[in-house]
Every structure is written in structure tokens, then in C-alpha cells.
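In the two complexes below, chain A is the common chain; its partner is chain B in one and chain C in the other.
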Partner chain A sequence: MLYIKCPYCGYRSQNEFAYGGDATIKRPELNKEVTDKEWDNFVYLRKSPRGKHLELWHHVSGCRQWIKVLRDTNTHEIFNTYKSEDKVET
Partner chain B sequence: MTSISPLNNVHDLGSFGNFEGKNSNEIITIKELKNFKIFQVVKYKTSKTNIKEYKIFDLNFPDDLKVSGNNDTRILWIGPNNWFLFSSSEKLSEETRKNLPNNEFAITDLSHSKAIIELSGKNLKEVLKKGCPINFNELNKNQSINSIFNGIAITLDFVNDQPATVRVMSLRSFGESLYHSVTDASLEFGYKAI
Partner chain C sequence: MTQSFRLDKTGLINKNKKISFKFNGKSYFGYEGDTLASALIANGVHLVGRSFKYHRPRGFFGAGVDEPYAIVQLYRNGETDPNVRATEQELFEGLEAKSVNCWPSVNFDIGAINNFLNIFLPAGFYYKTFMWPRSFWYKIYEPFIRKAAGFGAASTKHDKEKYEHKYEYCDLLIAGSGPSGLASAYAAAKNGARVILAEDKPRYGGSLLTSDVSIGNQSGKDWADNIIAELKGMENVIVKNRSQIFGYYDHNMLVMSERITDHLPKSDKHTPKQRMWYIRAKQVVISSGSIERPIVFGNNDTPGVVLASAAKEYMKVYGVLVGKKPVIFTNNDSAYETAIEFKKNNINPVVLDSRKNPQSEIIKEALSLGIEVKFSHVVVAAKGYKKVKSCDIAMISDNKENLIDITNIKCDCICVSGFWTPTIHLASQSGSKTKFVEDIDAFIPDKSKQKEITLGSANGVFTLDETLKTSFQKGYELSKEITNQDNKLQSPQVSEKQQSKHDKFWCVPLPNGKNYKRFLDFQNDVAVSDIELALREGYRSIEHVKRYTTLGMATDQGRTSNLNGLQLVSKIENKVVPAVGHTTFRPPYTPVTIGAIVGREIGKHSKPTRKSPMHSWHEKNNAVFVDAGVWLRPRYYKKDNEGLFEASKREAENVRKNVGVCDVTTLGKIDVKGKDSAEFLNRVYTNAWLKLPVGKARYGVMLREDGVVMDDGTTTRISENHYHMTTTTAQAANVLSHLEYYLQIVWPELDVNVVSSTEQWAGAAIAGPKSRDLLQKIFPDTDVSNDALPFMGFLEANLFGVKARIFRISFSGELAYEVNVESDNGNFMWEKIIENGKHFNLQPYGTEALSTLRIEMGHVAGSELDGRTIPYDTGLDGLISKKKDFIGKRSLLKKAFNETDRQRIVGVVPLDKKTSIPEGSHLVNDPKAKMPILKLGHISASCWSVEHNNPFSLAILKDGKNMIGSKLYAMSPLKNKTIPVEIVSSHYVDPKGERVRS
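Up next, the complex of A and B:
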């Protein structure tokens, strides 16, 4: 069982969380002309890295907050967790 | 109109499981709590107000994972800027309207949407450990957590240490499943439904 440190609640079982996808994806700016290709990339194109990956997780059965988790996709080691509004360098 | 409690169909009174030859302190006591007022209070993201300035029935809004309470009312932290008010007082609605301005807080009446079970007994934490992945040895009186019990989202409110007493809340529609899970976990120690 993985334990994830929620920035609000502390260490909790992975069972309380839901995976929410890649946290490095940025939405195209509002009110800016966006090509079909750019929109397609934003919606569908994802890297699938082997190693460190910044992910979104939702503490759905806890405080119901979205958080960022820096995790190794190979070993499942969790290096750090952050609040959703925190800027994280990867 | 008669209100039907969420556990009306499953909460059979009596002693069950491995209760024989044990005194009342050794078995688990299970009680359904009903006719409580439950309000959810959420501070708006745009609100700059300090929550410490507000009180309900002279109770402060608690910090993370904590509960503040008196005989009638308990305020549970359930997330950042998010609390449950839990009261047997009929005046809770009036009190919240009076003390919490509606341009700073969103208030929702959840009184009929929760099933609440109160458990007490010295083996209480052993029962909860069977379905919930929390380290119960670190939890004490006046703490609250949201977690899961056999896959059902629950809120736990640690009301007392001596005797150990915990209120387990779930959505009303999950109440019967939760009750079955909790009573099943309690059979080993014996339980008395009151």
C-alpha cells in the first residue's frame, strides 16, 4: 500500500486518493487564438515518463483537495507533495 | 410528516456476537444518532475574513483535524476552509444565520443526508482498524478525520477517550452498508445495539 502525505491531513493511505493525471500540462491562455493542433495536444498528448513525474492527485475521501505529487513511476517512491497552487520545478 | 431514520431498517436492538460472559465495559456499544442538525460551512475562496473572529454557540472554528464542542454542539474541521456544524439544538439554523455572513460563507443544511453511528467501548479502535487505513493510535479526543471504511467515505469524530467514543458519519444512502460493516467487525468483541 502506498502512503501519500496530504499537505493538509498528513500521511494517508493511497485508497483515499484518486489519480488525476499529469500536473505539468498547462491550459492554453484564455482569450488567445489556439490552433486545433495546440488544443489537441493539450487535451490528448501526454508523456509517459519512466522516472520522476509530477502528478495531480485528489484526496477524494479526505479533505477533498487537489494536490501535486512528485513520484517515481518506476519505483513508486514519492519524493514530495505540494498544494495545488504551489509552483514546482521538475 | 414522520421522518424515518437512515438506519431504521437495520438497527435491531439487543446484544450480538461474542458478548456472553463479558461485562458492559468489554463489549462495543452501538447507537444510532438521529434528529441532529448538520450544517456544512465553507468559506468562499474570495473571502478575506479571519475565521477566528466567528463563533457558533461560543465555540471557535477549530484548526486542521480538530473538533471544538460542548454538550449540544460540535464543530468539525473537514478540509481547508470547510467545517461541519453538528448540533442537537434547534437554534443552530438561527445561530448560523446570525453569526456567519452569507457573503463570506456558503452554508448547506445536510441534516437529512447523513447516517450517524456512535460507537463506544474499549475495543473500539480495533473495530475501526478492520476497515479503515488510519493509524488510530495517534488519534485522541476532539480530533476528526475523513477517511474510508471498507470503501465507504466516512467522517470520524472522536468524542471521548474515557470511555472511548467515536461518531462515524457517512452519506445516508451508504448508511445501511456502513452499519453492516461496522457491526460485522464488532461481532468478535460482542456488541450491544441500544
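Up next, the complex of A and C:
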């Protein structure tokens, strides 16, 4: 079970969190024309990298904040965690 | 009765306390502190089981966790446990055990015929034989294999015992209380660290219990006892025996199973049998020790062939002799301790040492005690069927390939030692790689992967002096990093005998003309010849060889067999052992009971149960409850002899005719506040929200980004910047997470806050033509007329002194209201409604009537909003705004979502107006067509329409829009029903929606 440092609550076990997928996906702006391809990229297509991955986790059984986690998908090492508004260089 | 194999003067057991027990129906006694194994051996019992494949007689091989043979069915306090290792099971008064894998008895086992047919049971036998013909698999092969496979039988009764889980955090978790574990625990604890020290066995001390060493001026055992006593008295230390750390998971999470009452006749009322510990450790010390491995020779599975270290442990810990005429067969010095211990107890062993001319202190001591030692000698084969009676021995050539002068000597046991294998399971589970060390012919952990360190013989260090020095140092260093304290202890002086080098010899060659079985894996009957066959057949990867031959796959996980198997593969393949590699170590290290894994989360405790504030009223009024998500809701209120059908029909009819009340507390509620709330709702819902006035409610549908309907419900504008959102009971948690995601991640600029208020409000739906009259009675001071409180209106009002919210919304299609009060006042509100409703023939109704009412109205719910339907499919397309954007809108442009024959909701009525259609039935054109029949749609929900007094169902049907009036068949192969049906509108009652507005 992973040990995730919530930027608000500190270290908590994985079972307090829900996984939220790739944190670098940006939703197209409202009312903006987007092509089918752009939209499908946003809704469906995700990379499955082996290695560093910036992802969202939701502290569901805690502060209920969505946070960003930089994790190695291969080793499960967590390099750092961030508040949702933090800009992260990957 | 005397115990002829019990020693008077040695042992750590309590000889003042006799304990009686039964094995295979026969009564014996042992002493407090015995294991089932030691007590049986004391009574001269060596035949305890049969092997897996050939049903060969099996005795004891080890004295602990490595035991491959002595697996028994245990009976305790009316319960039974399968596959208990007799070497680990402590004796208690009244213990009963039986042999497994034998029929009709362990002495005469019909399955042993496999032994004589073994030419037919080579490696991969099952794969080869049970493949063809395919149709034989389920009826003939599988039942046969199931009958032949497995050892004990699991109980089919409910387990009365309690199990529990515990979460713990520490600085240092130390796995194993041998010298390295004790030293590192002591050094770290004295330096202020929070330490957990776990020992699998009942007794602490590991090898110190049986080795002839001194530490400081004490014996090894006394030193261990004193350290443990001191650790137990320290506040920062938890010391646990009978506790196996069996799994090493991510981020230094380790799991330990503690056996609390397995060694007692029964558990106290409030004591759990076992406890599972989930431990998050800053650092882990793996001091799991090492396990002796055997040398392979002919018939080496005969009862009476034991590990030399086990023979020593039986003498020194339990005061029990495994035999009175022992042969000791070794390739290293450690077995000499066993020989000396025999000699001290007036037994004369013969030592066969495969080495030509070893020189060491302990060998000198053995010789000086008059022990007979034959160098360059080996055991060729054990003789005897149910017990060793003699053995063939021979001199072995220097190249270890030729046997010279085979002779037979009498003996009653053969104590074998092929050197030591570090127990690296935990280190390997942590993700660490391993490395092969030529010096000890075994693998040890390589660089640490997580925050762990391996010490002592688990790390391939076999001298006590070095072990203690390193462990004291590491305990100090690791704790200093965490505690920043600097209290360093000196490692004590050690006196131990220096050991000479072991011999790399591990397998005795077959003599000419002999075809003895030489076993590698004792539990699974994998012999040298099986591995040779697998390699001849082309298997190369050690993982494949393992699965094909089942080497190392038994409940002992190959603890005594894996390395010898690797030696064999490397020899045949002409590769070095590290090039062959080893199979993966996976948790659990030892079997864990299902009970411990589940803990307290059984039955009603497997999930939380939520009850509404009115629950006790429902109970008192004969409600029959149903699980609705985590909630318990009244399904119907039983009157006289009514069943579900009659009661729900009565309740629904009363709503249509008079008035009913339903507990709707479980509905999800979310408070939405902030100046951008309207804008946010406008983005979340498919319809327009910007112009909803204060005091009005609106029905809304929300989508996922892929265009599929996520949830629906009404949301009410309470004040300018305050909305009260409702969700379905099932989706409440998901909707909240969904809203939080958009507010925190996608549109953080919006000034909106959301919070769940589900449990803050108790809700009652009052529905039916007389509902307004009833409402007026409970709110005498409030104008609830159609003008003052129109459909989709909202009022705050005073319910006999209690603040209430009234929403004029309807799920039933009737004139209806929902009244909310703070949860604490829920019961008060409910009783007021019931009391005042008598006059109007009010009846409470449950979820079944609620469903009936919504189905015949054509209101969609969870069974239609099933995560596969878009607004069009469920008839909600009228709620899609053309003017604004919202979550999921772009997806609705997808081609498939705009096909002209797209699926859509319809109503379904059986032609005979009698036969109810099972939910989940498929709608088809021709039920007699060849399978698979083309499916046009499915029945999503069924009810008995109280309005029309015949069955009615909702369905999602291909081209549903144009199918009204057509005749199809509803097929349910599950219920074996085919029903001719007519497709009608989904709005079966009041299609114009006049009642809700009346």
C-alpha cells in the first residue's frame, strides 16, 4: 500500500485516496470549437508511461482535495506531491 | 505410559505439566511447551502422512516453518483447520489431529499404488494426460484431479473465532529474534527508536536456543532471555512472539500475522484467534535467519530422514530423540553439533562427512568425545518403508562421481545437513535483487530496494561474532538517523567455535544398476529424474521448470528444495547457478488464514450500515428492509400475511388513490454555495440554470465527458448564492467527487464550494391526490395552495415549531411534496405526518412501491441510467440546451450517438396482460432463430402497474422511437421464459403530466 503525502494532511495510506489519472490532461475550454480528434484525445486517450507520471489523487477519506503526485509507475516511488494549483515541471 | 524417546535432563519444556492429545484417533501425552511434532516423536510416532503424488509414507523432516511433510488436519474446540504444520502447532490439552492425503489410513493407503505405477506419473503428467479429448475435462478429468489433489479439507461451517486487524507505525521493524534481530533491536531501542520485534516461534532467540556459544559471560540462550526481558520492559518497544511477518509491500508496509490463541484449547470470549498487523516502518531489519538444506540421496524421503539442525532442536528444546541409532550425513561442520548433542545424551552416532580431510575445532571435539566419523563417506540410500531401518553407505571418490565399497549399516534415523540457505523472502519481496555467493552456495540480498537491511545468517553471515558486531552497529546507525540520539552500546565478547569450509557436494550419485528415487521437493514428490525429464523435453527457464514439475510449489514453497533444484539445472545445463536464476518470491511467506485477512469485516460488518432517523419507526411498523447502497431502507410494510407483491401493490395503489409517505432521507444532498454557483450548475447540468429564481427547484441531468448520463435530480435555489442539490442514493459520493474535480482542477477560478449534506437532513416524500390537504394540516400557518406553492416551488415553513423545507417535486407522478427537517427532528416530522395523515387514509410506502410508481410513469432511474445510456436513450434529450456548453456536450456530436435507429426507452406490456417480464430479459424478433439470436434491446425495470392492473416494464430498445405498437418477444434464458409483448410508450400513466401540476 502506497504512502502518499497529502500537501494538506501529511502522510496517509493509499486507502484514503482515489486515483484520478493523468494530471497533465487539459480540458478544452468551454464554447470552443474542437475537432473530433482533439476531443477524443481529451476524453479517451491516455499514455501509459513506464517511469515518471504526474497524476491526480483525490483525498476522498481525508480533506477531499485533489492533489498532484509525481510517481514512478514502475517502482511506485513517489518523488513529490503538490497542491492542485502548483505548477509542476516534469 | 512411558515416552521412550524423551530425554530426562534436557529441553526447555515444562515436564511438570502433562498434556493429553489424540493423533489419528489414538491417545498420547506430551508436555507443556511441546509441538505436536515433538510430542509425537517422543512417543515414537514417525509415520504422519503421505506424499502428494505417490502417497509414499512421510514422517518429520524439520522442526519448524520449513517442514514439508508433517501437514495435519487439526481439530480444536469444534472447529477444524486444514494443512497445519505439526512442527509449528503447539500442543494444548485435548488437541486432536489427523493425517491428510491418505485413504483409508496413513498405515494402509490405497493411493500408494501410484508409487508402484510411478513410471506413469513423471513430470508434467497432468499436462500430458488430461489434455484430450477436450470434452472429458469437466466431467472426468477435473473431478479426478480435484479428488487426488490437495491435503486437508477446509471446514464448511461458519468460523466462530474472531479475527482482527491492527495498524501500527514504528521506526524499526525487526523480523526475527535471533542474534542479529536481538542485537539490532536492543541497540536501536536503547538509542530511543520505536521498535517492533517480531518472532514467528513461541520462543525468542532463534539459533541461540540451540547453539553452543557464550556471549559476555552468559550462555547464548541466557543472553537472549535477558535482552528480551529488558526490551519487554521498555515503553518504546513492542515484542511479539508467534508473529510471522509474511509480506513486504510498497513504501515499507509490512504485514504480520499474530497467532494469539492457536496454541490454546480455545479462545476467550473477547480474545481474537489471530490478529493481522499492518505496519508502516521507517526502517526494516530482516533478521530472518537461514534454513538448513539437505543432501540428496536415494529414498531420502523415508520417515526418519531429518535435517541435522532439526534433530538438534528436538533434543535441546524439546528433550526428544529422533532416533537412538543415528547416522549423521553432512558436508559441513554444523552437523557436528548434532552429533555432540547425541553423544552428550549417551547416544552413539556415526558421522559420514563427504569432505576428505576437514580440520576444525568442533571436529576435533567430536573425535575426542569418541564419536565415530567417516570422512569421504556418503549415504547412498535409506532402507525401510515406513521408517528408516538401515542405510547403504559408501566411500566417495574425490571428484564425487564414483561410489566405492557400498555397505549397509543399521540405523533408525539419518540426520542430514547440506549447509545453510539464507531466508531472503522478505528482502526479495521488497524488490531487492539477489546475488549468488559462491562461498556459501546460496543467494543473499543485493542492494536494498526499500528502506531495509538484511543482517546475520539471512545475509549469509554465519559467525556469531560478526553478526553481533554488525547488528549492534546497524541498530545504532539506523536509529540515530531517526531519533538523532547518540547512545551507542558496545557489542559483547563472543566465544564460538570456528568453522571449516563446507563441501559443495549436494547430490549422491546413483550406484550402478540402482534406480532409487532421489527427492528434491518432498511435498510435491519432485525427484531428480523429473527435473532431468523436464530439461530433456526442452524446458529451460527456471520459472517454467518450476511450473512443469511443481518443484517448490507446495505449501513449504521449496524452502528445503529450491537451491538443490537450481544446482541440478545448472549442472545439466552446464551453467553457473546465478545464470539459471531463481524463481520469484511472493508473499505470503507462510500460509495466512482467510479469517485473518478478512478480520472483523464479515457479515453486517463488511460495510457500514446507514439508517435514517426514522429507522426505529419503520422497524416498529413491520418494515421489511432492503440494502440500498450503504443504506437500509424499508422495502415494504408488511400487513397480515402479505408478501412483497401484495404489500407493494397496496402501498402504490394508495398513493394513486389517497396519499402515501416515503422515507427519502437516503437521497444524496449537496450544498452548493458561492457567487458563481449558478454558472457552475449551468456547466454541470445539460439544461439552463442561470435564470432559475430563488425559491424554485429544477430537474437536471448531468453527463460524464463521454456523453453518458451520470446522474439526475432536482436542485433548488434556496437564496441568491445558495443551492440545494439532490442526487440519486447510489451516485451521491461519485457526484460530489465529480463536482470537486471540476471546481479544484478544471475551473478553480469559480467561487463555489460544495459539501455533502445528505446526513444533515431527514426527508419525507408525501405523494398522492390528498397530499396537499395533508400538508396543509401539518403546516397550518403556511399557505400551500397551488398559487403559493406551485409545481417546482420551494418554501421554508414551520412544522409545529420545527424549521422545515418544503419542495414541491414528484417522483411518483402524483401531486407530491418533499419535506426536509434537520436529522434530529426526523422522527418528530415523521410521526406528525403519520398522525395527521390518518384522516386521509395515509399509508407509508417502501422502495418497491416507489419503483412501481416511477416505472409506470416512465421516470428513469439507476436501471436506465446504467452508465451506457446517453440523454436520447433515456428520453432526456429535451433537457439538452442548444445555447450553452456543458460537461459532456461535445461528445453528443459523435456519429454513433446520432444514428437514426439509436436505442431509446420504451414501455413493454405482455400480450396476455398477466405474465410479469423478468428484468434483464432480451427483446428479440424471433425467439426460434438460431443462437445467438439478435438482441434488439433489454428490459431495464419491471413492475405491476397499479393504474392498469397488469404487468408493465421499461426497456431500452433499438430504434425505440419507431417501434411503438410493434410485437416482439421478451426472452429470459435464465428464467427459461419467452413472453410475447407489445411495445408501448414509456409514459404509461398520465402522459401529459397533469397530476403533478394539479
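Criterion: the second predicted complex is superposed on the first by the 90 of 90 C-alpha atoms of A that agree within 3 Å, B and C clash if a C-alpha of one lies under 4 Å from a C-alpha of the other, contacts with A are read in each partner's own complex, and residues count from 1 in each chain.
Heads up, the rule we're going with is that contacts are C-beta pairs under 8 Å (C-beta built on N, C-alpha and C of every residue); 3 or more make two chains touch, one makes a residue touch a chain.
What you see is a predicted model; the values in this text were computed from it and never measured.
Asks: Of chain B and chain C, which one touches more residues of chain A?
Replies: In the superposed model, C touches more residues of chain A.
Asks: Could you say whether A:His58 touches chain B, chain C, both of them, or neither, answering first, second, both or neither?
Replies: After superposition on chain A, A:His58 lies in contact with chain C alone.
Asks: Once the structures are superposed on A, label A:Arg12 by its partner contacts, choosing first (chain B), second (chain C), both or neither.
Replies: In the superposition, A:Arg12 contacts chain B only.
Asks: Does the superposition put A:Asn31 against chain B (first), chain C (second), both, or neither?
Replies: second
Asks: By the touch definition at the top of the document, which applies to A:Val43: first (chain B), second (chain C), both, or neither?
Replies: Once the two structures are laid over each other on A, A:Val43 reaches chain C alone.
Asks: Once chain A of both complexes is superposed, is A:Leu2 in touch with chain B (first), chain C (second), both, or neither?
Replies: So A:Leu2 only meets chain C here.
Asks: Which holds for A:Ser84: it touches chain B only (first), chain C only (second), both, or neither?
Replies: second
Asks: What residues on chain A does chain C touch that chain B touches too?
Replies: 1, 13, 60, 64-65
Asks: Which of the residues in chain C come into contact with chain A in the complex?
Replies: 249-253, 278, 280, 431, 683, 705-706, 737, 740-741, 744-746, 748, 884-885, 890-891, 893-894
Asks: Which chain A residues qualify as touching chain B in the complex?
Replies: Listed in rising order, the residues are 1, 8-13, 15-16, 60-65.
Asks: Report the residues of chain A in contact with chain C in the complex, numbered from low to high.
Replies: 1-3, 13, 18, 20, 27-28, 30-31, 34, 36, 39, 42-44, 56, 58, 60, 64-66, 75-76, 78, 84-85
Asks: Which stretch or stretches of chain B touch chain A in the complex?
Replies: 64-65, 78-80, 82, 133-135, 145-148, 151, 153
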